[in-house]
Every structure is written in structure tokens, then in C-alpha cells.
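Two complexes follow with chain A in common, the first pairing it with chain B and the second with chain C.
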Partner chain A sequence: MSESKGILDKIENMDVRIIYILVIICIAIPIIRPMGLPIPISESTISAYDFINKLPEGSVVLVGFETGAAGWPELGPQLNIFMQHIFDRNLKPIIVSGNVDGAQLAEMYTIPKMIKPGKVYGEDWVNLGYIAGGESGIAAFASRITSVTPRDYFGTPVEDLEMMKNVTSAADFKLAIVCSWGTPGHADYLRQYTTKFGVPLIVGAQTTTVPAIVPFYQSKQVVGYTNGLRGAGEYEILTHHPGYAVASLDAASSYHLVVFVLIVIGNLAIVAKRFVKKKEGT
Partner chain B sequence: MSFLRSRYINVAIIFIAAFLMIFTYFFNVKVLSDAATLVQTTVSLFAAFTLALGAMNLTLIAYRQVQKKAPTALFSVLAIAVMLMMIITGLIPPLMNSPQFNWLYNNVEAPTDSTMYAMMVFFVASACFRAFRARSKEALVMLVVGSFIIFTYAPIGATIWPGLPAIGSWIEKYPMTGASRGFSIGVALGGLGIGLRILLGREKAVTGE
Partner chain C sequence: MSMWDILGNWINAILTIAIISFAVPGENIFYRIAEYIMIGITAGYAVVQGMRVVLNLGISPMMSGQAYMLLPILLGLLVYTRFSKQYGYLSRWPIALMVGSGIGVSIRAIPEVDIMNQIKASFLPLVGVNWDVAVSNIILLIALLSTLFYFFMTVEQKGPLRQISVVGRYSLMILFGAYWGSQLMTRSTMFIGRMSFLIKDFLFPMLGLG
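Showing the complex of A and B:
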């Protein structure tokens, strides 16, 4: 009896290295040999896709790259696929960021991959760079764009950019998209762009922040949202551009499965220990 | 000079700034809107300066560590060296876009940042194994709800049983949204209370007393 108790103790206090090895194996296998699991598409992703699809060509869309390099693996695929859809639809994105390296990430990892031939900087898209000051900076930007970004990311005066000739405040945006890993985030965008200027908002969320976004989606203050890497994968399927996110989802699935199995094993060990204890008592 | 130190000056500045923000949020009066934008731009400018303040603070901390010959002094020196390297390469024209800066960003900062974040995968797995134990009724409820949410977000959930994401979505739509709304409203009311206290000069931390 004490032997089985010892085994159960070992299972309950499993060495963390075993867990780590299991995680590595479960992530590596689907990446090497994809399983091709079906990906059901969420209503919130379809809603975001439909909204962008219905915008008239040439509409100005604000895209907030509110992330740093650390958040990029989860938010980058969402930003990339949003930008690809925007370029496919011939919309005109304005890139901004309240994170010091967000605008730079856009120039390094998004624009070179997603830009379509024939698109001209300053006419078809602009990058206005970093906005300091969190929500206050966003509020100033929304009221008058040149108040906090008199020059773009490359140092060109905003008045000299062809696309910005008729864009002076948030009232000229037809949509705002924000992919954020903290502040500034969806709440700041909602207060300063949606509530004040009536700009519809789409959120590219980290999975952990989804519970905070759902109430705004249900109240129609957010017109759509994508949920982490899965949301990006769903959007890639909708836009017929399967890429990084779709490829990563099998790994995400097997990871979640292993976490669930670990939880079950841990709990079974507890139940079995209680059973053994009871038997020993009688 | 004592007049300048008076709490009334602080309260008056706060009141004027707050009045501008609140008024222009609801009404469009050009003169006041311009003044509000000016205040917001000033905040943005101050925020940009705080980056420099942060860099100075970091340097000071590192200097003290070296002076004390603390065991972590080497790391502090390394942090300052890397910070200076990024600043110097960032200042090479074209500003923040030189090949040297981009190389450092692409090959040092981005991979290390991403690695730090990606390591959470291991910690989360280990934490779930240790924390999700049904030791009480409340823990059991959390365990069951958490499991449904896991399979709602992971595409494999629908493959195992289509009911899993359906139940998870229901939990997300109703109980979770309800709780989240309650939480948001509570935070907003708390914020309103604090705001009023600040406006009335009763928040001692803000009035400098």
C-alpha cells in the first residue's frame, strides 16, 4: 500500500523537467509533421473580416501596432494578416504605435511581407511612428494628428504626405484596428476614437485579454476581434492566405491537450491518494 | 515662495486641466478644444522626457551597484553598455533605421524579447499542473470552467467534441461577460470617486501634502 502511495506522491510532485520535455515534444511534433486539424472560424473573426470587406476602397484605416518584440509572436500574425487584407482591399492604412518599437516592427516585419506591388509610401500608406504619453498622446493625436506627430517615422513632415492632405483628425478614419499587449490598448482606443469620434474599432487580442474585450463586442462598441494566434489563423483562412498562424495552430492544439492531460493526471493522483488513505484507515 | 508651495496652486492646475478634458469631451468649443489638445501634447512631451529620465535612473542604479561591488554589478554594466549601444546606433543616420541599429534590433533585442515571452509556455504548463487541483468545491468549478475554455480556444476542442467549444462560448458569453462588466463598472465608479477626490484637493498624494 505504501509503495502505491509513493508512486502517487511522485506523480503529484512530478519533476518540472518531465513537464518541460513533454511540452517540447508536443510542440515540436506538429510543427515537423502537421496534423491539419480543422479550424472552426469564430463569429468575432468573421465580423471583423466582414467589416473590413465592406469598407469602400480608399478608406483611411488607423492601425495601432501596440506591441513590442516580446508580444510579436502572438500579435504579429494578426497585424500581418490585417495589413494584407487592408492592402488587398486597397484601403489606406495609417500606422501608429504607443510602444517605442511598434512602428519599427511594422517597417521590419509587416510592410516588406504584406505590401503589394505598385503601392507607394505616402500615397497608399503612411507610418507616423511613436506616440508618447499613452492615452493623453492618443487623445491629442485624435484631436489633431500633427499635434503629436508633426513628422512621420522617416522624418517627412506630415503635410507633405499626399495621403494625409485630407486627414487631420480621427474624424477622418473609417476604422481603427488595434493589436495590443497592454497599454495603450483597446480601452484607450475605445475612449478616444470610438466614443469621441465614432470610429469603429477592431481588436487583435492576446488570448489573455479576450475576457476584457467580449463585453465591448457584445455591446457593439467593438465591431470584431481576433483571439490570439488562433484568431490570426482563422483570418488567414478567411482571406485565403494561409500562413504562419495556421501552421502554428496544430502545435497550439497539442500543447493545450498536454496541459489538459497534465491537469487530469494531477487530479487523479489526488483522488487516488485519498482513496488509499481511506483504505488504510479502515 | 510659500504661496507657490500652497496646495491651492496644485488643486487649481489640476482643476483647470481636468475641466478642459471633461468639457471638450462633451462639447466642441474651438478655443477650449485647442487648449485641451495643447495640454495633451504637453503630457505627450513630458512622457517622452521620462524615457530620458528612465535611462538616467538606470545609469545611476548601475553606478551604485558598481560602487558597492555588488554581485550583480557585471549585469548592470552590461545593461548600460547595451543601452548605450542601442542609443548610439539609433542616432546614426537615417535615424533609428541604420543597418547597425536594425542588426542589433533583429538579432539581439527581438529574439531575446520573444524568447522571454515564449518561455511562459513552460511555466504555464507547470503552473497548470500544480495549481489546477480540485481540493475544494470552488477549485473544482474553476477546474471545469478552465478546461472548457482551454478547449474553446484550442482548435482541437471541436475535433474532440463539438459541444466543448459550444459550452466554452456560452461560459464566455454569459457568466464571464457578466462578471467582467461588474468588474469594469466597479473600476469606473472607483475611478470616478478618485477623480472627484483629486478635483476637490482631498487626495494628499496628488496635492503634495
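Showing the complex of A and C:
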């Protein structure tokens, strides 16, 4: 009896470094040799895809790169595939960010990969850079774009950009997409773009924030959302551009399996220990 | 790959390994160095962006004749009086202005977005729809009402009322479980991103495999 209690104690007090090493191995193997597990596509992702697909060519779409470098592994693949779809559909994106590094991340990691030949900066897309002031900044931007961003990310006056000639406020946006890791996020966009100007909203969510977004999707205030890396993978499949997210989902599944098994073992150990204690007591 | 790309990749990989090293050997000098570099760069970058905003939206318009822009700049400068014991109280004025206007801007839409539209969306059909939709709607309704009741403090929750409250508590527990699971997924994605970089973008090309 005491031998089994010793094993249970060991499981309960397992060295956390063993778990880390186990996780590293389980993530590394599928990255090196992908398994190609099936990826069912969520209704919310289809809804986002369908909405973008139905927009008329040339529609102006606001894309909020509301993330920093730390949020990029999860939000970057979503932003990339949204931008690719936007360029494929010949829509005109306006990039903004309430995070200091969001606009630069767009220039470094999204535009070079997703831009299609023939697209011209200022005519087919613009990057208006950083919007300071959180929700107050967004409200001012929505009312009059040049009040907050008189110059674009590169320092060019916004009036000189061909695409911005007829775009003065959020009333000219046909859609807003926000991929956020905090504030500003979907709530700020809903309040300032959707409620005030009726701009439909699609959210590229960090998985952490999905439970907070689902109620807004169910109430049809958000037209669609993608759920983290998985959502990006689903969108890559829908747009026939399988890439980083699809390739990484095997590693995610493998990791979740390990965590699931560890949680089950840990809980079983606690229950078994209680049982042993009870038996020893009688 | 240019020389700069290779150098960038090496710095990227070394800093990633230094940060991950916190997990296995524990706190160490390499982790500390990487952490301080990140904090320093982030703070420096934020300062530069902030200055750019002040230049574009404050100083440039002021220099081109919009003298009234001096007012927000002065208010902004007042924030720094908090470093003085004698004049620290002055910093409260611009902060009060920021808090007041911030609340005013967001509160206008909160009743519609967070309350009215959400209440409207909870009027769900329980009959005349597919059975799976009906079951889903019933669960949602029970969870919604019992959770609201859980926070109803003006009546002592005993007898059958307590049972409703217990259902609300379990609904909340399920929500917390969903949040915890979501957190795990988000953190794992960040780690997968780094591992993917180390293996595919750093190790494979170095070994001539990619």
C-alpha cells in the first residue's frame, strides 16, 4: 500500500521540467514530420470568409493589426491570411494599429509575403500606422481619419494618397477586421465603428478571448470570427492557401493531447491517493 | 539569404533559446539578458512612436499656425509634475481629462453593445426549430438565468432558490474551464511559433535540410 502511495506522491509532485521537456518533444516531432490530421472548419470562420467573398471589388476594408510581437504567433497567421484574401479579392485595405509595433509588423511580416504583383501602395492599400489614445483615438479616427493620422506610416500626408481621396471617415469602410491581443480590441471596434457607423466587424481572435467574443457573434454584432491558430488554418484551407497555420496545427494537437493526458493522470492520482488514505484510515 | 538576414536569424535564435532556458534549468543569466534586451527595446520603441505622434499631431500643426494646439501640449506636460512634491497635484488635471473623455467616449455605446443587443440575442426560439438547436437554446437560457441569479444578492438563497444558484455556479465553472483551456491554447501557440522558427527557419537551413 505504501509503495503505491509513493508512486502517487511522485506523480503529484512531478518535476515541472519533465513536463517542459515532454512538451518540447511533442511539439518538435510534428513540426519535423507533419501528420496531416484533418481540420474541420468552424461555422464562424465560414461566416467571415463568406462575408469577405461577397464584398464588391474595390471596397475599403479597415484592418486593425492590434498586436505586438508577443501576440504575433497566434494573430500573425490570421492577419496574413485575411490580407491575402483581401488582395485576392481586389479589396482595398487600410492598415492601422493601436499598438506601437502593429503597423511595423504589418510591413515586416505581412505585406512582403501577401502582396500580389501589380498592387501599388497608396492606390491599392495604405498603412496609416499607429493610432495613439486607445478607444478615444479610435473614436476620433472613425469620425475624421486625418484628425489622428494626418500622415501615413511612411510620413506621406494622407491627402496625397490616391486611395484616401474619397475616404474620410469610418462611414466609407465596408468592413473592419480586428486581430487583437488586448486593448484596443473587438469591444472598442464594436463601440466606435459598428455601433456608430454600422461597419460590419470580423474578429481574428486569440483563443484566450474567444469565450468573450462568442456572445457578440451569437447576437450577430460580429459577422464572423477566427479562433487563434486553428482559425487561421481553417481560413487557409477555405482560401486554398495552406501555409504556416495548417502546418502548425499538428503540433498544437499533439501538445493538447499531452496536456490532456497529464491532467487526467494528475486528477486520477489525487482520487487514488484519497482512496488509499481512506483505506489506511479504516 | 543576405548576411544581415543570417545575422538576424542567429540573434533571433539565441534570444529565443535564452528565454526558453528559463523553463528547464530555471532562472539564469542568459534569460535575464534576453529579458532586459526585450524590455529595453520595447520601451525605447514606444517612446519613439509616442514622440512621433506628439510631433505629427501637436508640434507640427502648432508650428504651422494652429496656436491652440499649445493647450493639449501644456496639459500633457503637466503630467510630469507628478515628479514634484510641491506641484504634483497639477498632474491630476490632465489625467482627469483623459479619464473623463475616455469614459465618455466608450460609455455612449456600452448600453447598446453590451446590454440591449445581448438581451435581444437571448430571446431564443425553443419550439419550431431543430431539436439540437432547441436543446442548445434551452441550455443557454438555463445558464444565463441561473448565472444572473447567482449574483442576485438581495434575497437569501436557500431551498429551491439555492439550487438555481448552484446551477449558476456550475455554469460559471464551465466558463472558467473554457477560459483556462483557451489560455493553454494561446500559450501553446506562442511556443509552437518559436519552436517552428527554431526548427524550420534556423536549424533546417543551417543543416542544409530546408
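Everything that follows uses one rule, which is that the second predicted complex is superposed on the first by the 282 of 282 C-alpha atoms of A that agree within 3 Å, B and C clash if a C-alpha of one lies under 4 Å from a C-alpha of the other, contacts with A are read in each partner's own complex, and residues count from 1 in each chain.
The rule is simple: a residue touches a chain if its C-beta (ideal position, glycine included) is under 8 Å from a C-beta of that chain, and two chains touch if they have at least 3 such contacts.
All of these numbers come straight from a predicted model, not from anything done at the bench.
> Considering only the touch criterion stated at the top, classify A:L37 as touching first (chain B), second (chain C), both, or neither.
Only chain B; A:L37 stays clear of chain C.
> I'd like to know which partner A:G243 touches here: chain B for first, chain C for second, both or neither.
Neither: A:G243 stays clear of chain B and chain C.
> Regarding the shared-chain residue A:G122, is it in contact with chain B (first), chain C (second), both, or neither?
In the superposition, A:G122 touches no partner, neither chain B nor chain C.
> According to the stated criteria, A:W72 is in contact with first (chain B), second (chain C), both, or neither; which is it?
In the superposition, A:W72 touches chain B and chain C alike.
> Just chain B (first), just chain C (second), both, or neither: which does A:I270 touch?
So A:I270 only meets chain B here.
> Quick check for you: in the superposed arrangement, does A:A252 touch first (chain B), second (chain C), both or neither?
both
> Please write out, lowest number first, the residues of chain A touched by both chain B and chain C across the two complexes.
Looking at chain A, the two contact sets intersect at 20, 23, 27, 68, 70, 72-74, 100-101, 132, 134, 136, 139, 148, 196, 207, 210-211, 215, 218, 228, 230, 252, 255-256, 259.
> Which stretch or stretches of chain C touch chain A in the complex?
Residues 23-24, 42, 45-46, 49-50, 52-53, 56-57, 60-61, 98, 101-102, 105-106, 108-110, 112-114, 117-118, 120-121, 175, 178-179, 182-186, 188-196, 199-200.
> Where on chain A does chain B make contact in their complex?
14, 16, 19-20, 22-23, 27, 37-40, 68-74, 100-101, 104, 107-108, 131-134, 136-137, 139-140, 143-144, 147-148, 154-155, 196, 207, 210-212, 214-215, 218, 227-228, 230, 233, 249-250, 252-260, 262-263, 265-267, 270
> List the residues on chain B that touch chain A in their complex, please.
21, 25, 33, 36-38, 40-41, 43-48, 51, 94-97, 102, 105-106, 109-110, 113-114, 116-118, 121-122, 124-126, 128-130, 132-135, 143, 147, 150-151, 153-159, 165, 172-173, 176-177, 180-181, 184
> Residue numbers of chain A touching chain C in their complex, please.
17, 20-21, 23-24, 27-28, 31-32, 68, 70, 72-74, 76, 100-101, 130, 132, 134-136, 139, 148, 150-151, 187-188, 190-192, 194-196, 206-211, 215-216, 218-221, 228-230, 244, 247-248, 251-252, 255-256, 259
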